[in-house]
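Look at the two complexes coming up: chain A is in both, with chain B in one and chain C in the other.
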Partner chain A sequence: MLSALQNPRQAAAQILNFGLILSTAFMMWKGLSVISDSPSPIVVVLSGSMEPAFQRGDLLFLWNRNFMEETKVGEIVVYNVKGKNIPIVHRLVRKFGVGEAAKLLTKGDNNSADDTELYAKGQDYIERKDIIGSVVAYIPFVGYVTILLSEHPWLKTVMLGIMGLVVVLQRE
Partner chain B sequence: MAVSQEKISVYSLADLKNTTDDALPVYLNSLGFVQSHTLTDVRLGLGYSAFALCAATFYWDYTYGFDSTKFYTTIAVAVYTILNTALTFWIWGVEKNTVYVGTHKTSGTKIQVQTKTDKFKAVYRVTVITTTKDGKSTTKKVDKAFSGWFDAAGHFVTRPFQQMLATNVELIGQADPKNVVVAAKKEKVDEVEDNRSMDDKWASLLAESSIEDAVTSGTPAKSAKKRGKKA
Partner chain C sequence: MHSSLVRLQNVFGFFTTVAFVVAALIAASDLAAPRTPKSNIQVKDVSVLKGRPHYYSNKIEEYAQIRFSLSADLSSLFTWNTKQVFVYVSASWPNSTSVALSNEAVIWDMIITNPSADHLTNLGPSAMKKLKRSAKGKPIDPSRGKLELKNQKPKYSISAPGGKLALTNDVVLKVHYNVQPWVGVLTWTPQVEFLGWKKMRGGVSKVFSLPAVKAKKQPVKKD
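Moving on to the complex of A and B:
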């Protein structure tokens, strides 16, 4: 343990091992991002507005490329609203026009009204560029951990504590 | 000096191997070998450039957003993949668990030491590749239990470790004749082809057994204790 610090090469190698774990995870995320053309290719459902299709905590995989056909009515899309940085997962229910300038309207399957209320002030529709991807696959429930962590911050402390304990108890 | 101050857990194979790996360069450097760090330096170079690339990607993604940096991110991901593949190849295909590369000051002979352990087996598996100046290379494999140079408390005992290397590897033996143990002769007897007369065989067998007796009477644990007292 101490001898590793005396040898600069060994110390550098040990730091590198840790750094490469982080950087590889980040680059895999970016790779997925680039392939799917979406800034956030995996999202977690935060609300029950799309029940019974998606529950809170479902993990969604997004695809943001239009091969052959445009994004069409009926697809479940994830979009960003100007001024809010929480992406919303809802179904595309109306489409007026074609191409980039088409006016799109979305609605949650479990909501009684469409999303005009959720859009920014004075905004009545969204456009293709607001969408960060259509849902192509999902894994139920596994994203619930992130919801728990963001809703109960003390859990983060507990988790860090447990990790610290593990590191102390098993010296590798 | 003979016994290390630091103690390790003798049940931890990683500790046994790491401590021994650390002692190896110290010993070989003291014998007049000049250590070469090229293998490690290339690995560090590849690894840190990959990491730097990742840091840069993170920075521009964070500052300028996804859409305006998409092109550069794509290139960065491709280059990162290449660098990481090269790094993996370097570690598995070129380094192959090498812990020491060095050249002897006077003879110019190159030595490369690779070490590994098998899971749940406290055996140090050493491969030594020596290449003389005129390009003749020999490979020697030695498997020895860690108990040969760790005492029961987990102290590293220098002398038996050095003897193990000097005895089994000819090049190290030449550089450090004091540490070559007499028992090494026994191996040579074994190697001799059996086309001798019955009397000769008997004689050699007797000689062997007497050497073995001599070796077993001086058990490593005892000798380690003696040295411990001296130090």
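Moving on to the complex of A and C:
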């Protein structure tokens, strides 16, 4: 088990290997971000406001380009509100005007009222630039791990530790 | 080489690969099921009122209420990978400066779950029991896609940013749907036909105009 420590060349190779895995994951994330033009191309659902379509922990894939047509009513969009740093996944229910200046209103399928109350003070509508993507694909439950990790931060340390140990100690 | 850790890793890796492939196959099976939705929507009663459209709105503005009749057959959208179908009716109208339908607002919507997703709906116990009983023993129930609404009251009254809506011309109602899968790609009413997925037949109302603001009933004066 400690053979890695006795052979510095091998130890260096394994640390390099670990770095490679991390940077590959990072590159894939950023690559997806460039392709979809979204700062966060994959999001995890955190609330039940879109039930029964999306549950907590479901994974959503976003697309933020308008090739053929504008973002329109009925699409499920992820948007940011000024002053709040949690993105919200809701459905677009109203659109007034066209282009960048169009006024957009959202609503959660499971909420009885629209999102006017969720927006910043004095803000009645959101705009296209507040949207970080429209939901195009869906995988259930897989993202629940990240909810566990954010609710129990010690799990993060444990997982990173185990991952590091496994990569460093395993021999090719 | 064959430590229990490596075995565990292999088992986990194999599990995720298989799960991913099966999920991809299920998602791809959507394309094999033809979609032939049709609907017919008619505008019934249109009125424009002046007041607060919602309990939380703080200004008086004009808002429109559009009653409609809808008969739709969306049963072909229900397959084993369908979690729910979100049906919605929107009203579209042009700006004063152009003819393009640049404004759109949802006036009515409905979530139709496939029986496999009934347990996830937000309903009271008795309504839930009724919903579950309506499709007992059936994991897929295409008959839920058949809608017959007569003179339906809208769920949402519409208002516009300027506060003016009365006497708007060229308003049209459209029926749309959004299929939410258990896994895979979300789909909306298609703009182009693709394999067995046809465009919605019908689904657009006749063009109509919003009337003038309806005067509030004056209290009858008694001498």
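Definition applied: the second predicted complex is superposed on the first by the 139 of 172 C-alpha atoms of A that agree within 3 Å, B and C clash if a C-alpha of one lies under 4 Å from a C-alpha of the other, contacts with A are read in each partner's own complex, and residues count from 1 in each chain.
Operating definition for what follows: a contact is a pair of C-beta atoms (placed from the backbone, for glycine too) under 8 Å apart; a residue touches a chain by one contact, two chains touch by 3 or more.
In this text, all values refer to a predicted model and were calculated from it rather than measured experimentally.
In the overlay built on the shared chain, the residue A:Gly19 is in contact with chain B alone; chain C does not reach it.
Applying the stated contact rule after C-alpha superposition, one finds that A:Lys82 touches neither chain B nor chain C. Of the two partner chains placed by the overlay, neither chain B nor chain C lies in contact with A:His152. By the touch criterion defined above, A:Val73 reaches chain C but does not reach chain B.
Shared-chain residue A:Val136: touches chain C; no touch with chain B. Within the superposed three-chain model, A:Thr116 lies in touch with chain C and out of touch with chain B [touch as defined at top]. Look at A:Gln55: by the touch rule set out above, it reaches chain C but stays clear of chain B. Within the superposed three-chain arrangement, the count of touched residues of chain A is higher for C, of the candidates chain B and chain C.
Across the superposed pair, chain B and chain C touch chain A at no common residue.
Residue ranges of chain B in contact with chain A, taken from their complex: 6, 14, 22, 37, 40-41, 43-44, 47-48, 50-51, 54-55, 57-58, 61, 65-67, 70, 73-74, 76-77, 80-81, 84. Within the complex formed with chain B, the chain A residues making contact are 2-3, 7, 9, 12-13, 16, 19-20, 22-24, 26-27, 30-31, 33-34, 37, 39, 172.
The touching residues of chain C, when paired with chain A in their complex, are 1, 5-6, 9, 23, 54, 56-57, 83-84, 86, 88, 90, 95, 100, 102-106, 109, 111, 113, 117, 120-122, 156, 158, 160-161, 176, 178, 180-186, 188, 191.
By the touch criterion given at the top, residues 51-53, 55, 68-69, 72-76, 91, 93-98, 102-103, 109-110, 113, 116-117, 124-125, 135-140, 166, 170-171 of chain A touch chain C in their complex.
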